[in-house]
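In the two complexes that follow, subunit A is the common piece, with subunit B as its partner first and subunit C second.
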Partner chain A sequence: MARYVLFHIAKCVVLLLAVSFLCFALVNASPIDPVQANLGQAAYINMDPEKRAELAAYWGVDAPLWESYANWLGGVVQGDWGISLRYNAPVLQVIAERTANTLMLMAVAWVVSGLLGFALGIAAALHRDGWIDRTIKGYCYLLAATPTFWLAMIFLLCFSVLLPIFPIGFSLPIGVNSSEATLLDALHHLALPAITLSLVGVANIALHTREKTIDVLESDYVRFSRMRGLSPAEALRNGCWRNLLLPALTLQFASISEIFGGSVLVEEVFSYPGLGQAAVTAALGGDVALLAGIAVISAVLVFGGNLAANILYGVIDPRIRRGQSESGKSARGGVGSDVGSARGSRPPRRMNGQRFTEQNEAGGRG
Partner chain B sequence: MAEIARTQAPVAPAAQAQVEQTTLFHEPRSLSRLTSNRKVLLVTVIGALAVLALIIVAGTLATPAAQETDFARRDLAPSLAHPFGCDWLGRDMFLRTLAGLSLSIRIGLLAAAVSALISLVLGTIAAMGSRVVDGAVTWLIDLMMGVPHLVLLILISYALGKGFWGVTVGIALTHWASLTRVVRAEVLQCRQSPYIAVAQKLGASRLRIVAKHIVPFVFPQFLVGFILLFPHAILHEAAITFLGFGLPPELPALGNILSESMTYLSTGMWWLAVFPGLSLIATVLLFDLAGGALRKIVDARTNQE
Partner chain C sequence: MTDLQDIRSSSARVIQAHDAKDMHGAHDAHDHHHHRHAENPVHTHGHHLLQVEDLSVGFRMYDPTEPFFAAKQELVNVIDHLSIAVHEREIVALVGPSGAGKSLLADAIMACYEPNVQVEGRIWFDGELQDAKSLAALAGGAIAVVPQSVASLNPLVKVGKQVQGGRRGAAKEDCARKQQELFARYGLVPSVADLYPHELSGGMARRVLLCCALIGNPRLIVADEPTPGLDEAAALRVLEDFRAFADGGGGVLLITHDIELALRVADRIAVFHDKTIVEETSVASFASPEHLQHPFSRALWHALPEHGFSAAGE
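== the complex of A and B ==
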């Protein structure tokens, strides 16, 4: 077990290094000159060429990518993430201030969408092909086709402009010091973004749970329970829900990437001061250090989710652990894992039926 | 299935009799239902694709008219003459939406095609290549899945200096991962089949096997995956343009239209946001419909369920 956990942690660390390099390389490939960007136009023009060259050396403009990456990584490990140009503060401080807001938003959305989606999925499967099922399915497909930012705008229009129940944006009332604001204020401002994000997240998990529940309801052990006189709902309650909970939980952990993407959009619409909004501001303003920092943080969040899902699977399902040591192939985090790891054995037929719904849903939409 | 059983009949009369019997038992109902079902599905696919083609053509034609400003019709609410209303410059929102949709679909088409091609190549290489190659591709997929899509899109778009190429390259480079997994699993399944083993024993080269047997086997599923990539591509294009990293603001892209309408939300000009958004949803649903119907045609198993 310890080996299994260590293996996954090691894999995550290697991937994280690669991701950080990718982010760093992308940010540095931009045509925007970091010296100019970090000084501002006026200061740059008034500076003599010697000073410019000195600064260029400091920012590592002429150094090869590998070298500047190594410098940056060294700084990151020591807690020096650079200075944010836009917010005029250390990157780490800016991120720390905003992480709390974003995490709160994401956590609420994660829990609410998970629970709601799970319940809706089971309800749909229990009333398969009935009007409840059709309504839930239609709702999910419609939601999957809806742009997150548009839904956020519509909510803003309905519940802040036309019907002023919720504030129009920000995380606290305007003109109120953050130390004076009450928890109620914070929740009041959090509500609408969180509702938007939760509703968007429901579609994926509900459709997936519905498929799984239908599978379980057709299994032999449920048939046996039914023969003993239990209703489908009772049969589910009597022991199947664990079988449903595990894949749902895995999927929900894997969806952190999507929730983060959604939070970027929602935060932008609601002017909610979180990481996503900071990322957009940084990228629009050429704030290289902050952009790279936030990209790495978002990757850490996603990897944390995948790691949790993998470990959870290993803890609960011993078959995964065994499969791991036998084939040396990892059960990759996320939905596609059982489809992908079938080297040498024909994937089960049922899987084939599902593959495109998975592919369709797992990709994450704006 | 019944037709296949009959065409194969001369090979083994005994087996034929047995198959005929079982199929005859089911034939009248299931066969007629299947064919009518297939017809409906085919009509759905063709109809959806035709509507989408119509949007592209109409939108392209409407683009010059969509940029026309006329202050006489400034801030008009929706009416029969202007079904989606007019904006603060007196531009007809219906024409703008149409132009924006056609722009989005064309970008989505380009990006999804490139993305699908990448996934076909990588998926086949992973499944047919050595263990190391497979591991490398799998690792690459994990890498791509590691950063949230939207953040990666922002990064790529920023690295390319924003604009048209920023979005298109970004979407093309971020959407191949999930389809690659599907292609890889399909090829792995196909690789087990006896006819591949026979081809190998007959001395066919690996490249020939891939070209003659594997790609045709994977192709139908690949096509479905390709069509189902469009909705993602379009929604992401709209999102990234909305955030300000995508198409330049002077183009009537849907992301730009919606981002501009944000400013006017608080003044109660709801039609600026509502109608373009609804038409975007309708377009995405059309693609979903076409993809779903095509999948049912290609994959008879799910159709039976």
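== the complex of A and C ==
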């Protein structure tokens, strides 16, 4: 167990080092001049060259890649994530302010798209090739082919401009102090971005769940349930749905990264002050400290999601759970006439192969 | 030879008896539904427990010889005009090579159809002509299937629960009690109920599958290849369980590719060849190739180990 934890911590550290270094390398390679980007056009032109050089030196613009990365890393180890150029505030403070907004948006989209996609996928599979299936499939293909930002703009046009149901942007009413805004205001502003993000996420989850449900419905155990007098839907309700849970979990936790990516676009369109919007601002402004900070946070989110999925497999799947905890012990409980040989000298069966492929599949996706 | 003629004449009498009742108008009284009986056929109320006539199972698929876009759909029969009957108190073994389509007979009887399948023919159960809907209603109750492998159990649900579950409408406590009784009868200790399918040995798994079938108090068991992967002793134990069920008044349709095992336990053998049953006869007929009518059955006889594995009937 300790080995397992240490191994995953080491994996996470290596991942974060790689992600943050990549961030620095990319910003270093980008043609954007942070001084120019952060001063604004007029100020930059009117500034004398000495002043510019002074600012560049102050921001460490011309420092070599290794040096600036080592500086940043040294600071992070001590808890100092640097100062954001664009927001002129400590990176951690900027991230903390925006994480609440983004997490709320992502959580709503994640839960809604997960549940809705799962339900639609199962409904489509149960009515395979019927009109319900064709409708759901059509909807999913349409959405899967729709760029997130475009859908966001269409929604903005339809539900904020033509039909002014929702505000056109921001996380709070314009001109209202954040301390005066109510929770209802916040939810009202959250709604349209969250709906956009959820609907886009649904397509992927529903189509994958549909495929997996069809696999399960064609499996030997559902066949056997049907031969025992259950309808496919009854068989699913009667325990076979658990077989959908593993792929659904993989999908759900893997979709964290997609939802995060989508939130960048959606926040940009809706001017919603979240991490995604800050990431765009940071990248365009050459604000490497903020960008690296956001990248690290999002990598932790995605890594944590996949790790959670891996841990949940063990909780749900007895083949993993009992396989791990009992491989050392002898056959559990059973003492029938041929139970003694139950585990030791079992002939190779299809079961084994199936089990390994499923694990591999899970590992591959996760 | 004379023995067999005796059997045939007695069966002819039986057929007259139930032709008189005119349950369903057998086509060919002389052949008695295309089969010959074992020694003591049981025609309760003058009819078979299960009777299948002229069953054809085909799949609509694209002609593989045509170019991709020009290919037309055609019906490919995998079972062609098959007839078979199962009496009470007997085991009928449907014997044929693996992959020949024998299991589709089980699917047809259990009303478990693939989307592109086309099934034609007549199936009577207990004297009543069935259709897909009534067969589906019988499945899991009066007709139960014992599948081939533990893969037919849900890998994520404990075995005891799976044996109990299945039938709708049955009270939970009754199912639990019945499951415990069955486990006791088939030598499974109570703690087996808490195992997951992957923790069962081959022999235990077969018994669990048998318990799944018996929980619905079936009168007919369709056993689809119940022995592969078992050593001979375990396979015989499984077949003894079927024997005991048949001796208790039930009928068993045993689908297998293992003719040696079939000869040891069954009352009658139905030889599956070239999409249909070419001969349905008593196990006694396999004592000598002269008693077998179809060339394929005789070839099968010659191919048995004790007759020298010869490929043809020289």
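By our rule, the second predicted complex is superposed on the first by the 268 of 366 C-alpha atoms of A that agree within 3 Å, B and C clash if a C-alpha of one lies under 4 Å from a C-alpha of the other, contacts with A are read in each partner's own complex, and residues count from 1 in each chain.
In this text, a residue touches a chain if its C-beta (ideal position, glycine included) is under 8 Å from a C-beta of that chain, and two chains touch if they have at least 3 such contacts.
If you're wondering where the values come from, they're calculated on a predicted model, not measured in any experiment.
A.B. asks: Please indicate which partner A:291 is in contact with in the superposed arrangement: first for subunit B, second for subunit C, both, or neither.
C.D. replies: After superposition on chain A, A:291 lies in contact with subunit B alone.
A.B. asks: Looking at the overlay, does A:139 come into contact with subunit B only (first), subunit C only (second), both, or neither?
C.D. replies: neither
A.B. asks: Looking at the overlay, does A:243 come into contact with subunit B only (first), subunit C only (second), both, or neither?
C.D. replies: The answer is second: A:243 touches subunit C but not subunit B.
A.B. asks: Should A:225 be classified as contacting the first partner (subunit B), the second (subunit C), both, or neither?
C.D. replies: second
A.B. asks: For A:159, decide between first (touching subunit B), second (touching subunit C), both and neither.
C.D. replies: In the superposition, A:159 contacts neither subunit B nor subunit C.
A.B. asks: Is A:261 touching anything from subunit B or subunit C once the two structures are fitted on A? First, second, both or neither.
C.D. replies: Once the two structures are laid over each other on A, A:261 reaches subunit B alone.
A.B. asks: Have a look at where A:7 lands relative to subunit B and subunit C in the superposition and call it first, second, both or neither.
C.D. replies: neither
A.B. asks: Would you tell me the residues on subunit A in contact with subunit B in one complex that are also in contact with subunit C in the other?
C.D. replies: Residues common to the subunit A contacts of subunit C and of subunit B are 332-334, 336, 339, 342-343, 346-347, 349, 355, listed in rising order.
A.B. asks: Hey, which residues of subunit B end up touching subunit A in the complex?
C.D. replies: Residues 134, 138-139, 141-143, 145-151, 154-161, 175, 178-179, 181-182, 184-185, 188-189, 192, 221, 224-225, 228-229, 231-232, 235-240, 242-245, 258, 261-262, 265-266, 268, 270, 273-274, 277, 280-281, 284-285, 288, 291, 295, 299, 301-302, 305.
A.B. asks: Under the definition above, what is the set of subunit A residues touching subunit B in their complex?
C.D. replies: Subunit A reaches subunit B through residues 15-16, 18-19, 22-23, 26-27, 29-32, 141-142, 144-150, 153-154, 156-157, 161-162, 168, 257-258, 260-261, 264-265, 268-269, 279-280, 283-284, 291, 294-295, 298-299, 302-303, 306, 332-334, 336, 339-340, 342-343, 346-347, 349, 352-353, 355-356, 359-360, 362-366.
A.B. asks: Can you name the residues of subunit C that touch subunit A in the complex?
C.D. replies: Residues 110, 112, 115, 136-137, 139-141, 144-145, 147, 149-157, 161-162, 165-168, 187-189, 191-192, 194-204, 212, 216, 229, 234 of subunit C touch subunit A in their complex.
A.B. asks: Could you list, by residue number, the parts of subunit A that touch subunit C in their complex?
C.D. replies: Subunit A reaches subunit C through residues 128-129, 219-221, 223-230, 234, 238-240, 242-243, 316-319, 322-323, 331-339, 341-343, 346-347, 349-351, 354-355.
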